[in-house]
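The following pair of complexes shares a single chain, chain A, combined with chain B in the former and chain C in the latter.
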Partner chain A sequence: MNGRRLTALGMAALLAGMTVFAAGCEKGSGSEAERAELKESSNELVKSSGETEAADAEGQDDITLRFMWWGSDARHEATLAVIEQYEQLHPNVKIEAEYGGYDGYFEKLTTQVSGGTAADIVQFDASMTRDLMAMGEVFADLNDYSAQLDTSDFDQNFLKSFSYYDGRMVGLPTGVNAGIWLTDTSVLEAAGIKLEDIRTWDDFISAGETIHSKNEEQYLFNIDITTLGKEGVYALMAQITGKELIDQDTNKLNFAEEDLKKVFTVINDFYDKNVAEPAADSAPYDTQVNTNPKWISHDLGCTYTATSNVTGNYYDFQDSAAAMDIPQFADAKESGILFRPAQLIGVAANCRYPEEAARFLDYFFNSDEAAAVLKDCRSIPATANGRKICEDNGYLDPVLAEAVEKAQESATANQNLSVPAEIIEILQDATEKIAYKQGSIDEITEEAMGLMEEALERIG
Partner chain B sequence: MRRKKIQKEWQGYLYILPWILGFLLLQLYPLVRSFAYSLTDIKLGGSYQFTGLDNYIRMFKKDADFWGSMGVTLKYILMVVPGKLVFALIVAMILNMKMKGIRFFRTLYYLPSILGGSVAISALWRVMFMKTGIINNLFGISVNWLGDPKYALFTISLIEIWQFGSSMVLFFAALKQVPADLYEAARVDGSGKIRMFFKITLPMISPIILFNIIMQIINALQNYTSAYVVTGGGPIKSTNLMGLKIYKDAFSRSDLGYASAESWILFLVLVGITGIIFVTSKYWVFYGDDGGKQG
Partner chain C sequence: MKTVREKKKKLGRIFAFLLVLAFGLCMVYPLIWMFFAAFKTNKEIYTGTGLLPESFDPAGFIKGWISTGQYNFADYFINTLIMVVPTVALTVISSTLVAYGFARFRFRGHKVLFMLMMSTLMVPSSVLIIPRYLLYRDLHWLDSYMPFWATAALGCYPFFIYQEVQFLRGIPAELDEAAKIDGCGSFRTLVLILGPVLKPSLMSVCIFQTIWTWNDFMNPLIYINSVSKYPLSLALRLGLDVASTAEWNQIMAMAFLSIIPLVVMFFCLQKYFVEGIATSGLKG
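After this line comes the complex of A and B, so read on.
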């Protein structure tokens, strides 16, 4: 065997060895010299994994934190700007931004959490808390970092309701999120309808019929199946029962078949009586109703969404915009209006630098500079100072502010934050079947009840 | 001598060691593990219990969506595989002609396969096929490609058919291999072009047709991206392919055990379909050297 072949074989063996062990190695076990060499040759890689321990000139650790969030372009730009501000103030800290749309975010996060690769600072939805914490101690208790992170400027009741899980403060609310019935009053007025005339679901449905009968191109309600089958059903059901969808203690449905039928009848009327655009036409804009060409051409009268979604160019009828009061059943037990954090931001329990992450969050939530850049990109700020800065500088959309105010007054206590994904899917599937007329209301209701009961029994 | 032989073999194994390790750790181990998971109620990140065949029983008895998705997937295969192969063959035959600048066109027609079924392309198709999109405008029609359950699966299929490049290249190579003297002899005997195509071209390239059919079925059965990006499985689950359903069960519902069981059934279906095609292939694939048994 000649020398060259030996070298080749040696390389092959080395490569094989690296393939096997590279993935599993968390820390190099070699000498300091070897480590320095490794650092030099793959400086970026080491930096990004947050394992650089070499001290910089000022004797501070170089720290890399990963921050993951979802949102629109407006939110991305503002968040990136705040990160840049913080990095300038703390040259030894690098914050790597991982951002994108909401589609697939939860799936990505749960996969990362179960694989131990979640970011250090994570934006999540309040409805994800239960599922995430069921996977283990996913988030650090922010109370442990009160020296770095001041939470006194938040509405303490709001924190109590949404930030805690099992006595631990798992995340801080980014903003106050309310359900908003964003209305283009000019569409209503063209059909001779006044906003204040819509009080009940019957009013809403008859207004929709009038609008479509006067102009066949127009519909009152711009809504997608995903939202209608989830938040829509939550609101309607809360009005009927005055309770959460699922009883947290018994894990059983908190409503009867008759109640669900009543909810589905309203949804059926939306589509049957041309209150909403036919589902087949609106389907391509699911979860992005603001991109529907009819919305852009002012042929749709109103939409139901969360204030946190209304950013950037969500609508362009500022002069005729209003926040409609949520329509209610005549005998409604409560408003059913959504009111909760826009999102929560937490620090991963396995974060290597939780103090620094907490310091960043302190800057993110409490500094004037950050508030002035973030504005209302995560709905109306949840801190008093953040809100004041937005108000003083006219950053707040008055329609959003009105919706949040209304929600604050009359929001439901039943925010359905712990409904299992499978139950939500069943409700959305049923809503879609109604919209596409795939059976009678009785059949669809009965089938959905059966599926939900079976699922709850199985999930336990 | 013997020592030298062992040493030689040892070298061979050493060379393929990286692949073997990759196969064992990244393919075989997850495969076996997924079967073990399919017998449990494992969730993402949670503890689990052995539940025997519960997942399989639930799939067959209680989950109507499973059968729905299976049906959608089979329909999808029936649209995509013949559509893609016929299209690829026609283009390959055109590109097999002698004309100026043909090399440029050969490259051009392969481009879609390079762009592939990526998220960006799927997003582009989504916009193109919207009611107000370029496709409707171009043909002056008003078809609801994405919102109407009648057309949605067809629209998704078109994305896959559009990526006909690899099948086309294989057909093209096969067409080049057909001996020219067969055509000459047929021409002398007075055969027309259509007759020559069915009696010479098709039998001569039948091994490649078989290969293409199997590869494309495997591809189509696993598709997920276009359905996820373009329609999200809707409307009313008309594009909820098995790949997408498995993904949703595993990652949206965190129901890993159940999703693993579904994967295994999908795997068995794939083995079954491939097996049937292999068994029937002896009646229609002509290998030149076996005298042929074409029917």
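After this line comes the complex of A and C, so read on.
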């Protein structure tokens, strides 16, 4: 009996081993690692509770702040370097970097906000302010920490337009993001068109016709339906009405059906008159127009995008690059050009050391050392000093700087930051229908108007 | 006459082989493309249609491996293993135990509980994100792998339980009875008698769970905050901003490396895999 039991035990052990081995792993190392991990996390718990005790006891304290952002590798490296600088200057402060890609960032942030576990310092998008603040007092009012954080170097109008929610300063702009009509003047010149001659939409469309008629391979406008249906419609509509798409107070459309028809007619001309590449050909490069082979081979004249998108090797015609003035209707009420913060950075309302977080942000935005490392990794800096340091050292692409200047002169605060996703989708669907000629302009306009009114009523 | 027929048979086989080969190549092509893209510049990736790169420059692998410099892909591989291995082992153990209970024992509420378990299969996972997050927060499990290990240890994978129940139902009850007559308890019956028969099914659980956990993006994204604990799925998207120009060769290189363990595992275990799937639907 004993012998049998022993064999059975042995076999059981063997079987367990086999199963786990077959899983492509060794159980020993797995559970050891598991234990090590648990031990580590319990150590951390001990450590952090020790920290708070020390903090309470002495007031001179070890402080840990969590800083969450999204971005590219260049942004990660620059931000980590600034954190390191700051930690060397303030040995009692530890800043834990929580960075990642853009995918899923807002799902994660909203989950954390609803769980009350958001990082102490959070990068977010200006279009998210409303949604985030609707979840409660998510961000602290930075005006409360003006002793630690100096905001005088920012353009005050810019702050007024984008940093405030409900009278509270919820975040500071990391950089200025402007609409840019990035143009390859050599394509225009080959067709005998001068950049200055394009003033109105009619000029723009006839220039497009000329370019395509001179060279079948070439088009003036490198644009995708997603951008055209959103930022494109925003710009065109702002020129017509001089207002936001949707009235914030009444939650009603700020334009009439004939206004939308006027917008859609221009979009229709882009595709109808070969100003833009046929939608079916440009579809694979939607939201990534810089990857269009025709753009790389210099067969497309210009694109409309945000300066924050123009990084790395977005374009390679530096010698012939220019920022075109946004084309306008003859009787335009405003330029409608995109002009907004690249991102905002705020301090969580439940942060335990808001003064320390504010002090870090002061270093992040105002110190020369940080500005020299960050360069334009969050678009063109929003502080005067930051921009000067970048300009002096040649960190800024002159075309981008030019576009920002142009936008700064003519842009208004009507930036359509909180248009509901449903409305955007309806506009983009309509744009798609126009591009693929799925009906007359009248039909498409009427349908889109109906859908938008219905959606707004529903959202109410 | 005979030789002609044999010849015909041989020709048919060659034809079938070529057909399968062509299909196989079509399926594998994206992976092969991914491997070669690791050597291409962005411009080559956007404009070129050819498979082979202009030059075999290993910079994509080297720079990609270093990542942002704070942590490299060795860390991310280790993190992934720490996350995946216990999860898979615990899933196999827990779902086998639960399946054994449902397949071999009649107890009060048996049917209701089984229905309840199956109904959790129908709950869309997005509904669970916030409640689960709040629960783990209160248990202080955030920013650790506990959310993965604990759900695996507690049999929260009804899909695998169902699969094993079906498999167990196909094993003749006479086996259990014979074991019982020989003095085997219920637990030893499971481990010694049913275990070996269950092996193909367990293997497919292993394969599925490894691939799913390895590739899972949403759950690590929500539960893991520290970059030092990022698994591969998060690390691969670390440098992907909204629309800025990523170094695709580095991402392709790392994506290629990250699937190698899965591919190797799949080929090692595939004969069990087919068996496990094919037989779990049969009733004995």
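Throughout what follows, the second predicted complex is superposed on the first by the 353 of 460 C-alpha atoms of A that agree within 3 Å, B and C clash if a C-alpha of one lies under 4 Å from a C-alpha of the other, contacts with A are read in each partner's own complex, and residues count from 1 in each chain.
Going forward, a contact is a pair of C-beta atoms (placed from the backbone, for glycine too) under 8 Å apart; a residue touches a chain by one contact, two chains touch by 3 or more.
Keep in mind it's a predicted model, so treat the numbers as computed, not measured.
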item: More chain A residues in contact - chain B or chain C; value: C
item: Which superposed partner A:T311 touches (first chain B, second chain C, both, neither); value: second
item: Contacts of A:T111 with chain B and chain C, given as first, second, both or neither; value: both
item: Contacts of A:D429 with chain B and chain C, given as first, second, both or neither; value: first
item: Which of chain B and chain C A:G100 touches, first, second, both or neither; value: second
item: Touching partner for A:I296 - first (chain B), second (chain C), both, neither; value: second
item: Partner chain in contact with A:E189 - chain B first, chain C second, else both or neither; value: neither
item: Touched partner set for A:G136, first chain B, second chain C, both or neither; value: first
item: Overlap of the chain B and chain C footprints on chain A, listed as residue numbers; value: 12, 15-16, 19-20, 107, 111, 114, 293
item: In the complex, chain A residues that touch chain C; value: 8, 11-12, 15-16, 19-20, 22-25, 27, 29-31, 33-34, 37, 41, 45, 66, 68, 70-73, 75-77, 80, 96-104, 107-108, 111, 114-117, 119, 287-288, 290-293, 296-297, 305, 308-309, 311-314
item: Chain C - residues contacting chain A, complex; value: 42-43, 46-47, 67-70, 81-82, 85-86, 88-89, 92, 129-130, 133-134, 137, 140, 142, 144-145, 149, 188, 191-192, 195-196, 199, 202-203, 206, 210, 217-218, 221-222, 225-227, 230, 234, 237-247, 261, 265, 268-269, 272
item: Touch list for chain A against partner chain B, complex; value: 1, 5, 9, 12-13, 15-16, 19-20, 106-107, 110-111, 113-114, 131, 134-136, 225, 279-284, 286, 293, 420-422, 425, 429, 432-433, 436, 438, 454, 458
item: Footprint of chain A on chain B - complex, ascending; value: 7, 11, 14-15, 17-18, 21-22, 25, 43-46, 58, 62, 126, 130-132, 144, 146-149, 231-232, 234-237, 247, 251-255
